[in-house]
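Pasting a structure below so you can have a look.
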Amino acid sequence: MLIRLAYDIQFDNPAEVAMVALLSVHPSRVDDLLEPDEMQIEPRIPLSSYIDSFGNRCTRFVAPAGPLRLSSTTLIRDTGNPDVVNPSAREAPVGDLPNEVLSYLLNSRYCEVDRFSNIAFEHFGHLNTGCSRVQYICNWVHSHVAFNYQHARPTKTALDVYTERVGVCRDFQHLAITFCRALNIPARYATGYLGDIGVPVVLPMDFSAWFEVWLDGRWWTFDARNNQPRIGRVLMATGRDASDVAMTTSFGRADLRSFFVVSEVEAANSLAASVVLPQTAQI
Amino acid sequence: MLIRLAYDIQFDNPAEVAMVALLSVHPSRVDDLLEPDEMQIEPRIPLSSYIDSFGNRCTRFVAPAGPLRLSSTTLIRDTGNPDVVNPSAREAPVGDLPNEVLSYLLNSRYCEVDRFSNIAFEHFGHLNTGCSRVQYICNWVHSHVAFNYQHARPTKTALDVYTERVGVCRDFQHLAITFCRALNIPARYATGYLGDIGVPVVLPMDFSAWFEVWLDGRWWTFDARNNQPRIGRVLMATGRDASDVAMTTSFGRADLRSFFVVSEVEAANSLAASVVLPQTAQI
Amino acid sequence: MLIRLAYDIQFDNPAEVAMVALLSVHPSRVDDLLEPDEMQIEPRIPLSSYIDSFGNRCTRFVAPAGPLRLSSTTLIRDTGNPDVVNPSAREAPVGDLPNEVLSYLLNSRYCEVDRFSNIAFEHFGHLNTGCSRVQYICNWVHSHVAFNYQHARPTKTALDVYTERVGVCRDFQHLAITFCRALNIPARYATGYLGDIGVPVVLPMDFSAWFEVWLDGRWWTFDARNNQPRIGRVLMATGRDASDVAMTTSFGRADLRSFFVVSEVEAANSLAASVVLPQTAQI
Amino acid sequence: MLIRLAYDIQFDNPAEVAMVALLSVHPSRVDDLLEPDEMQIEPRIPLSSYIDSFGNRCTRFVAPAGPLRLSSTTLIRDTGNPDVVNPSAREAPVGDLPNEVLSYLLNSRYCEVDRFSNIAFEHFGHLNTGCSRVQYICNWVHSHVAFNYQHARPTKTALDVYTERVGVCRDFQHLAITFCRALNIPARYATGYLGDIGVPVVLPMDFSAWFEVWLDGRWWTFDARNNQPRIGRVLMATGRDASDVAMTTSFGRADLRSFFVVSEVEAANSLAASVVLPQTAQI
């Protein structure tokens, strides 16, 4: 399956501001790209790119005052299969985890693991360990938290989600991640493209968040928001939580004006003729 | 100057528990060591060691139920000079910061940078930038927060310190770090040995926390708790905040029983005869 | 001046639910009423009314499942003068405050007075006491907090307002109240009608919140949101904070469907012909 | 049974400070007093007394700079019976509650009822209503929260207790109160004397906190800390939470120096010879 990916993000900045964007397809998917994945920037200012400590490709630049436009379109090959699920995947004892996985058990800005030790054990401590327990956590979050764009806020932590029971995409994942970590299951936050392939269209297209869990020696995709295997996730970045992988981080004021994302199946023979028809999305 | 370093930490654990210890002298100081810096563990169980993503040496093991003792003694060569201060060191625009420094501008578990944007600018936004502004931040924290071991708690964030105005070593640094980051000055948390060389003895010896700030292309030591240049800091670990560099992290219950730290000048000719006289310390 | 007051609030409740409404004109203004101030309820269910410990008239009832409509229209005589300001009104020492005023110095749900002791003194402790200091507090809140209906949430406390710097009407007042109390100035929350008499129309009409401060032996009106003397406030209720005086409190789920408020000058000779033209308001 | 009650509380205040003390036996118990219950104050400064809106006797005064001593001794007649328990006491529908009881369903400083709606229903929503459900709540709090004087702090709310699972007397009651209110069961905070009559002596004597729940048309005593019927409670004050009924509230700095409380059985024939032997207590 071929998936057309595109974004068009516009700002109007009151003053010069340094920015970092995590808008590239993740290095682990670069071999699937059929077109270059290059961020276009207007006005044409110098960009530089680097890989952060989590393995994500970052692009940094200093935007001048005035309008700023970040955009890209690329094409990626995808299996067309839904997320792989292995119901028998096992949790590892902490003592057997690889060194580099241990930090995904710790506290982070939005995931107050320390405040959830008891709550997580009371909810999930009695369950069989492994994939089914993580799935149970997703089921719990999915059925106890309501999705509502009106209740997004940048300071909302897992504990806020647990008490308020309403949130957006990232809030669902933060709560599920925190539950996992409190049970000593490594979990990390993931962002990327997720179109509506194979599902009814519910919302305008947007970047999406999900999370990954370490079982049986590798990372597996889970998604407490959608809570069903989905086709066509294209990973952009992973980190401890949303703090690490914001689409754009501005070190000063940056006023978002519009935001379009595309992620849709492209007929194989229409490669050259593809037309991006962006849809409006709220962040 | 030679400094004798030692610790002796004892637990009594109700069950087997995986642990990670950051008790080694930092790799950047290894060349100064005159004796091996090797953690002794009782009972004798397998240890393994690795460098984490922040560059710290970590030691991991799975402790059995029952008593556990971690100890070490080593000797290190030190300049004997107080912390280097460069009053003219300049802040860099974010756009000029090295890639790997950018993450020290972001939110972390104990440092809610996003909630301090306005507060930090109101307090410190009008000041000349650079070393003197960081020093002013340290002065502010030092004079507005009271030290009190009775008011330590593991969930205390920078915002709690800002409102409660009381805390221990790490709380002072978390607040100062958060102020710096909110002003786009990279800052990271540091832990290590800090004896009472050249100062009146106030407290039983303990590991200590300070912080580092990126100015003029390198990290500089600041200490909002002591707020004076000190002799004999021996760095063990740096990270985004205390979450990243806990002396020991236990993935399950671990009951601390006693805790001794030594960091004192050793006469050069007494090398072989050195006797460690530990002092009790609260954590 | 005659002011026409009206509201029409509709719910659709999934199940029977007990409710309390604070929608009556305050007992202190009853003598100014030219028409009865009686809540109409559909369906016609029994209502009962009482005065709570703060002196507010409350109406309670048990609403059946299904649609519920609360409405009223009345007419009140008003001086037509703006809020009375007395720049020389003095703060009293706590020791001289009347007994019943003391509780307006304490913590309440949305006003964490204890967490603001130092912050308030740092901001306002050096100012001359009295009316001018309270006005300075209003100026500070008014100029440091942005009004935005999108950032309302029922759990937002004064500390949240102080760090996030954005909110709705009630958030402005909670922060100003908390500053006052932290300085030992009694302050209480007030709600009522506030039309746009004498000011440009900015927003759809709604109930409004302001606050009252005890100076020179009486309560004075302040309003950190509008921060200018206004004409035509009609008090409905006062309390420690918004928790005490919610327009409606539902002890179970109640789904608000629509909300209209009217507060406008009525020509004296059009009394009988008055037509209520409600405007939509968000809460 | 006769119970000797006494306290001796000493401060050393850096400056004149207004204070309010709630140290009197509650008006509901005044008929049981066999000796006057009069606060002695040194130095001898004017006191005045009033009943607050919750029905508690308050004593107010303006303490000069320097040492301050508040003390009293009195004797009270008690049934000598343990707390009355009525396992069949029923919850009332909110619609049937007396007007003055409704406010004990709302949010207060330490009881974030709104944040507990879902949590409380998940824990206790499926249980039979009435006394047994309240007892179940007490059992839950008693068995899930650890008592520890080291973890007291004045800003700890019910949500903090729920996540940290450690606290002092008042923290246990705040959590239980909040659970009750979230389930629409009126609950209020109570303070008073509670000696160790009939139980092994565990701690130095102190004032104690418990809570009261409205069932079957009256208030009943519950105590999530001790969680067993006790003999000899002598009520001093009730309120929404600890904010309303602090033993002493100081409107400015007041430094506590020592604190003694006595509450012990007195032989009937030793009335005149009673000797107060105070014990040290931490607060």
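Chains: A, B, C and D, in written order; residue numbering restarts at 1 for each.
In this text, a contact is a pair of C-beta atoms (placed from the backbone, for glycine too) under 8 Å apart; a residue touches a chain by one contact, two chains touch by 3 or more.
The shown structure was predicted, so the numbers you read here are calculated from the model rather than taken from an experiment.
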Quiz item: Counting one step for each move to a touching chain, how far apart are chain A and chain D?
Solution: 1
Self-check item: Label of the chain whose CA centroid is most distant from the centroid of chain A
Solution: D
Self-check item: Interface residue identity across copies chain C, chain D - same or different by half
Solution: same
Exercise. Write down the chain pair in B-C, A-B or A-C that repeats the interface of A-D; the criterion is over half of the contact pairs matching by residue number.
Key: B-C
Quiz prompt | chain B-chain D separation of Cα centroids, rounded to whole Å | solution = 42
Quiz item: From the C-alpha centre of chain C to that of chain D, how far is it in Å?
Solution: 32
Self-check item: Chain centre separation in whole Å, for chain C relative to chain B (CA means)
Solution: 49
Exercise. Enumerate the residues of chain D that touch no fewer than two other chains.
Key: 112, 115, 155, 163-164
Quiz item: Quick one: do these chains touch in a line, a ring, a star, all-to-all (complete), or other?
Solution: complete
Practice problem: Spell out the part of chain B that touches chain C in their complex, as residue ranges. | Solution: 112, 115-116, 118-119, 144, 159, 162-165
Quiz item: Which bits of chain C are touching chain A when the two form their complex?
Solution: 150-151, 153, 155, 163-164
Quiz item: What does chain B use to touch chain A in their complex?
Solution: 18, 20, 50, 52-53, 58, 60-62, 93-95, 99-100, 102-103, 105-109, 111-112, 114-115, 154-155, 184, 243-244, 249, 251-252
